[in-house]
Amino acid sequence: MLEIKNINVHFGVIHALKDVSLTVEDGKIVTLIGANGAGKTTTLRTASGLKKPTSGSILLDGKDITATTPQARVKMGISQVPEGRRVFSTMTVLENLELGAFLRRDKDGIAKDLATVYERFPILADRKRQAAGTLSGGEQQMLAMGRALMSRPKILFLDEPSMGLAPLLVQEIFDIIKVINETGTTILLVEQNASMALQIAHHAYVMETGSIVLSGTGAELSQSEEIKKAYLGG
Amino acid sequence: MKNMLQKRWLKTLLSLVAAYGVVQLLIAVGVINDYIQATIATICINMVLAVSLNLITGFTGQFSLGHAGFMSIGAYVCGIITVANPTLPGFLLGTLAGAVTAAVVGFLVGLPTLRLRGDYLAIATLGMSEIIRIVFLNMQITNGAAGLNGIPQFVNWTWMFLFTAGTILLIVNFLHSSHGRACISIREDEIAAEAMGINTTKYKVMSFTIGAFFAGVAGAMYASYFYFLKPDLFNFQKSVDILVIVVLGGMGSISGSIIAAVLLAVISTVLQSFPELRMVIYSLVLVIIMIFRPQGLMGSREISAALFRKWGEGLKRVFGKEKERV
Amino acid sequence: GAKANENEIKIGINYELSGAVATYGQSSVDGILMAIDEINAAGGINGKTIVPVKSDNKSEPAEATTLANKLMTQDKVIAILGPATSGSFKAEIPVAEKNKVPVITGSATADDVTVDLVDGQVQYNDDGSVKGLKEYAFRICFSDSYQGSAMAAFAAENLSAKKAVIIKDTSSDYGKGLAANFLSTFMEKGGEVVAEEAYVSGNTDFNGILTKIKGMEFDVIYIPGYYQEAGLIIKQARAQGITDPILGADGFDSPTLVELAGADALNDVYYTNHYSSLDEDPMVVKFIADYTAKYGKEPDAFNALGYDLAKFVCDGLSRCETLDSESLKNALASTENFTGVTGSFSVDEKHNPVKSIVVIGLKNGEQDSSVKVSA
Amino acid sequence: MAILSVKKLTKSFGGLTAVSNVNMELQEGELVGLIGPNGAGKTTVFNLLTGVYEPTAGTVTLTRNGKGKEIQGMKPFNICKAGMSRTFQNIRLFKDLTVLDNVRIAMHQNVKYGLASAFLHLPAYAKEEAQLVEKCMELLRIVHLDGKAGELASNLPYGEQRHLEIARALATDPVVLLLDEPAAGMNPAETAQLTELISWIRKNFQLTILLIEHDMSLVMKICERIYVLDYGMIIASGTPEEIKADKKVIEAYLGEDVNDA
Amino acid sequence: MEQFLQQLINGLSLGSIYALIALGYTMVYGIIKLINFAHCDVYMIGAYVGYACMTYFHLGLLPSMLIAMAACTLLGMAIEKIAYKPLRNATRIAVLITALGVSMFLEYGTMFFVKAEVRAYPSMTGWMAQSFQVGGVNISMLQVIIMAVTVILMILLQFIVKRTRVGRAMRAVSLDKDAAELMGINVNSTISFTFALGSALAGAAGVLVGVYYNSINPLMGMLPGIKAFVAAVFGGIGLIPGAMVGGYAIGMIETMVDGYGNSLYKDAVVFAILILILIVKPAGLLGKNTREKV
């Protein structure tokens, strides 16, 4: 479904991504793990169009989308839960969710998806009139996910969804990710919580200082001694 | 540490004396005529204004649009005192009184208004300076719109230099002290600064007061050198002009303010040959500089020996290439 | 340098071409340049062309000082025309005194421009000469006291006014000076000023003030200020139903006044001026025609004064024995019966013109009467 | 002796009571955890303790050198002076300043030289500044940042920024240190390193520490006692073992399979 | 009493003009947090375009106003594109200085072409020149038109921002540009649209003010520009009703000081009240003072 081919990204003189290539197959959960500053977020931002690569190409369903705008990519079915949640702080929870469906015109479909989001995250229903900026960290994370789902994405990018969540919720979020995936959404997941991510991922990539250094199935990698030592705290 | 400090002092002192001497010499031999002297005076006054506003806006992060108000206080107080007592001590007393009055007003205004943030503070300070201007416009002793005329001219190059170099040195010293760092931390993150034990209100007011004091000094320099004051010299536009120097030079860079003050004066002088298009070109230059250097000429860096070395290497590279080609 | 070209005479122009009062500066310079063109076309001064060195002081006195320094020390001009406003002109004078170059203005009206005053009075030395005279400063316009007092006298005597309201421009020295002089003379003549209201240049809405004075009793309104605001005040006053006579000074003299206020509103409006278009003086008629042909609009007071200013200085130049600043100064000081479009005058001991003053009355926007008065 | 004693602390935002009737007591030298679901009010408790918010009700007493002082409602900088320091859940460093300056600023309250010295760089200035730098470098050594003293804070990798926050908090010379999710965004290896650092600091600075964290591997390993907050109320407190076994806590927060690494 | 009512009308019509200009400031501020100093000069250009339409092409008020609005829309969008867009990621104060530069450029550029002198708008005739007496209070048709236009525009803008898709996009962009892009919002065109809207308003205001006071000049934007900017802050900058309330408040204070106080100190009183209100309500009359959550 999504193919990233040899992309390079620079921030001024910093060479943040070096010839990064990865593939996300239709209907799969793919995870990208790696230390702080490895370039995971940058990879996602480039894939969603917020950052232009200096070279390389990005393909969605075989079509080259490297030159398209983020808006166009949203239309094509890409959605992202950004790092740090980035909820619209002075807007209400409901308005945030509605913005998630910004490009959609089907009122009924939107209403249905809204109900689904509320079902998945009941706390959001309770707080629907509260300004998003005053939610707790975890609540904001749920809102960001709900918002991303409101566009009915074909492929969902998640940037550290478990960061700052309570253990119970971490479990829950990973369950939800699985459910979302099972209902037909392809997922590209960036995580610090490598053990959990590897548990649910079909395929995984490991990143270090701007390059992909390892890849394999989730199960394979969670057995790898190298990975255990570096990322699983084992 | 102590040794290093002494060395820095010595270096600064030497370069200052050299700068003073060169200009003084050029004046003596007549290379620098009255016109160039007047331009130098404008530059000096603008430096003092910009450096003092930079302390408030660039370093402490408090957006002020009222610097002209403080300048006017210094100018009028000094002007009135010097007219009444046209001697050098009278002038010096006037300068001190002007600066102190400006500082007191800065303190009184700053105390309640510095709770405001960003643009709201800008508006409050703008309002304050407008009030000051209107008061001067309607006072008897200032002669209102007709202006205060015939202020004896005591400021010459020597005084200009002393005031300007003094202001810059004192403010730079302050910024390199713990008190100065406290001010800077407010710009960086007010909440974190408070959590780290910085009394943010106190330091905001302090920086505002110090800034006002030196704006008052600049006003006194202006009054004495240009010997004529009227309230609308110190309008909103004047505050904006000072802000332009600060931003153009780089917020949080003293050397930036100094360079920008000189640069703008040079641009202004060049543009004197195009009276009709002067302001049109000036505004275009301003916009273009901002588009290409939004962080200002210096960003928040200072000119230091290290930077010179870097430039030197750059130049060497350029000229080196030149030689190769030849 | 001055000797760069023996066939040229450089005259500095130091005017407000940008900034708050750019309109006065630009208007003056239009008149000045027209006069210089005429003189050059007619062969210049003794075969030498006048070369204007134009500069913009941004309406700032300090800039005026700096530019005066530049024009005198760098461009070596023989004299400087301008600035237009008293403040900037005063700021220029010390430079003139130091460099011994005459500076002449067409519109700086404050009383103390050319002499120092003590309590508003001229002081004399023992030998009878004026104390504190600015030797190198001249002007060709009225002083505020002259115009203000003349109008006060006119109001009290010709209009039999007892009570007046003053609406003054506090942002200009002109408005302030006129108001003060009108007030003192009007009181001397037994009148009373029942209210003194204020505005600043650039204001457009005067309804608040007008509604307030509408509830008062008064005979005339005096508006010491320029036509830009006065036009609007008159319009809004008439719209509010205030029909009392409205008085002003030469700042009213502009065709734009009629356009701003509307001809209907301009009844019972009187202002002091240098000349009246009813005069039918051929010189005035020709000036108006030429000016309109050149700039596509009728001249106002600033244009006319600028024109006369250049003519006045050239008159001085033509009487110089040697072409230098010192003899020009002496020539200017001894001017007798110079004839310009703004009247004929001689220069007095205070370096002011001795001009007669006319009060122009408007009816439906047209000049309807003109009365010569003396202050 | 109780160093920090919180009684009936309450905070409402409009209709929402984010913290209600919280009682806590920290003994000298204790390392206590504060855990609870997202939105339970943990950060709000920190904000109340440090004066960012004013409590709706309740008292906070901080004891320094044997003298107790009620600090609720005081300004943050005064609370800091009284001996309470913190880190932030969302890192709030002085980004455009150097690592050294970040720490130096936090030492400001102990600087003695006055304005005259500041303006004129009198000998008092030189002497104290030199000492200041030394003290800062010592702190930076502890968090392994001494090699980066001249770097801008914003150029540090995330994990080091967290460390710098801790160093900065220590520089204020606190008796109680509040850490808000110090391990957030760190991978397990980095977390392990941090765990050691916190224990080391506590021991060597004789500090009392209150710590918010969702990473149970860290909490269960180093906290002696734990308070559990839910919907603004303390629902349980006790040793890690007790908490791990607590039904209410499992239901509200931990979930069934806690991996206590 | 009669006099007081008259002053009320005076204050309302002056306030309407401030409000009309303040709305444009607030729109732009709302989205990119920029005090767009050039706004009051776009207003001046609008007045000149209207002037040209009426005097040289003899068009009526409405067509002239529409043309002026169209011209200002283009101008506003061009300014945004050329001068502000390259500074998207710069500090706010840098953009502010750029705005000041653009403002000066428009002022002196215009002055270069039309000179500094004041020009008189053609005066209105027919029903628009009428005025009524209501219980001894004088109201002119133009005053009614200005007040009506201001209120209608305010309601319209409020509707656009709060109720429409593009309005929602505007608010999202103002809060977080990256996140807005991820929602599928075209940030550039949203900002461009905001400038277009604000500038169109400025154009309308320019023509209306030209007709109402019938006096225009290249620096005519300066004074009302500052006042309107103050008005926007007074009401709570970024809030559309705030601009309205602020505009009326300032118009009213000025008129009342003229009418019952000392006109010498009019502006000083306005600013003094402004400062006092800000001290009590640091985010303006209608602004909510939210403390950042940490």
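Note that the chains are named A, B, C, D and E in the order they appear, and that numbering of residues resets to 1 at the start of each chain.
Methods note: a residue touches a chain if its C-beta (ideal position, glycine included) is under 8 Å from a C-beta of that chain, and two chains touch if they have at least 3 such contacts.
Since we're looking at a predicted model, the values are computed, not measured.
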Contact-graph separation of chain A and chain E, given in steps at minimum: 1
From chain B, the most remote chain by mean C-alpha position: A
Between the pairs A-D and B-E, the one where more C-beta pairs touch: B-E
Cα-centroid distance, chain A relative to chain C, in whole angstrom: 74
Whole-Å separation of chain centres (CA-atom averages), chain A against chain B: 50
Chain centre separation in whole Å, for chain E relative to chain C (CA means): 36
Residue numbers of chain C (touch at least two other chains): 18, 20, 170
For chain B, residues contacting two or more additional chains: 138, 191, 276, 279
Overlap residues in chain D, where contacts from two or more other chains coincide: 43, 52, 88-90, 92
Touching residues on chain A, where the partner in the complex is chain D: 35-37, 84, 123, 130, 134-139, 141, 160, 163-171, 192, 194-195, 229-234
Sites on chain E touched by chain C in the complex: 3, 6-7, 10-11, 13-14, 17, 108, 111, 115-120, 123, 131, 138, 140, 209, 213-215, 217, 219-220, 222-224, 254-260, 263-264, 266-267
Residues of chain C touching chain E in the complex: 18, 20, 22-23, 25-27, 170, 197-200, 202-209, 211-212, 214-215, 227-228, 231-232, 235, 239-241, 256, 259-260, 262
Sites on chain B touched by chain D in the complex: 1-2, 5, 9, 170, 173-174, 176-182, 184-185, 188-189, 191-200, 252, 300
Touch list for chain D against partner chain A, complex: 13, 16, 35-40, 43, 89-90, 157-159, 181, 184-192, 214, 216-217, 252-255, 257-258, 261
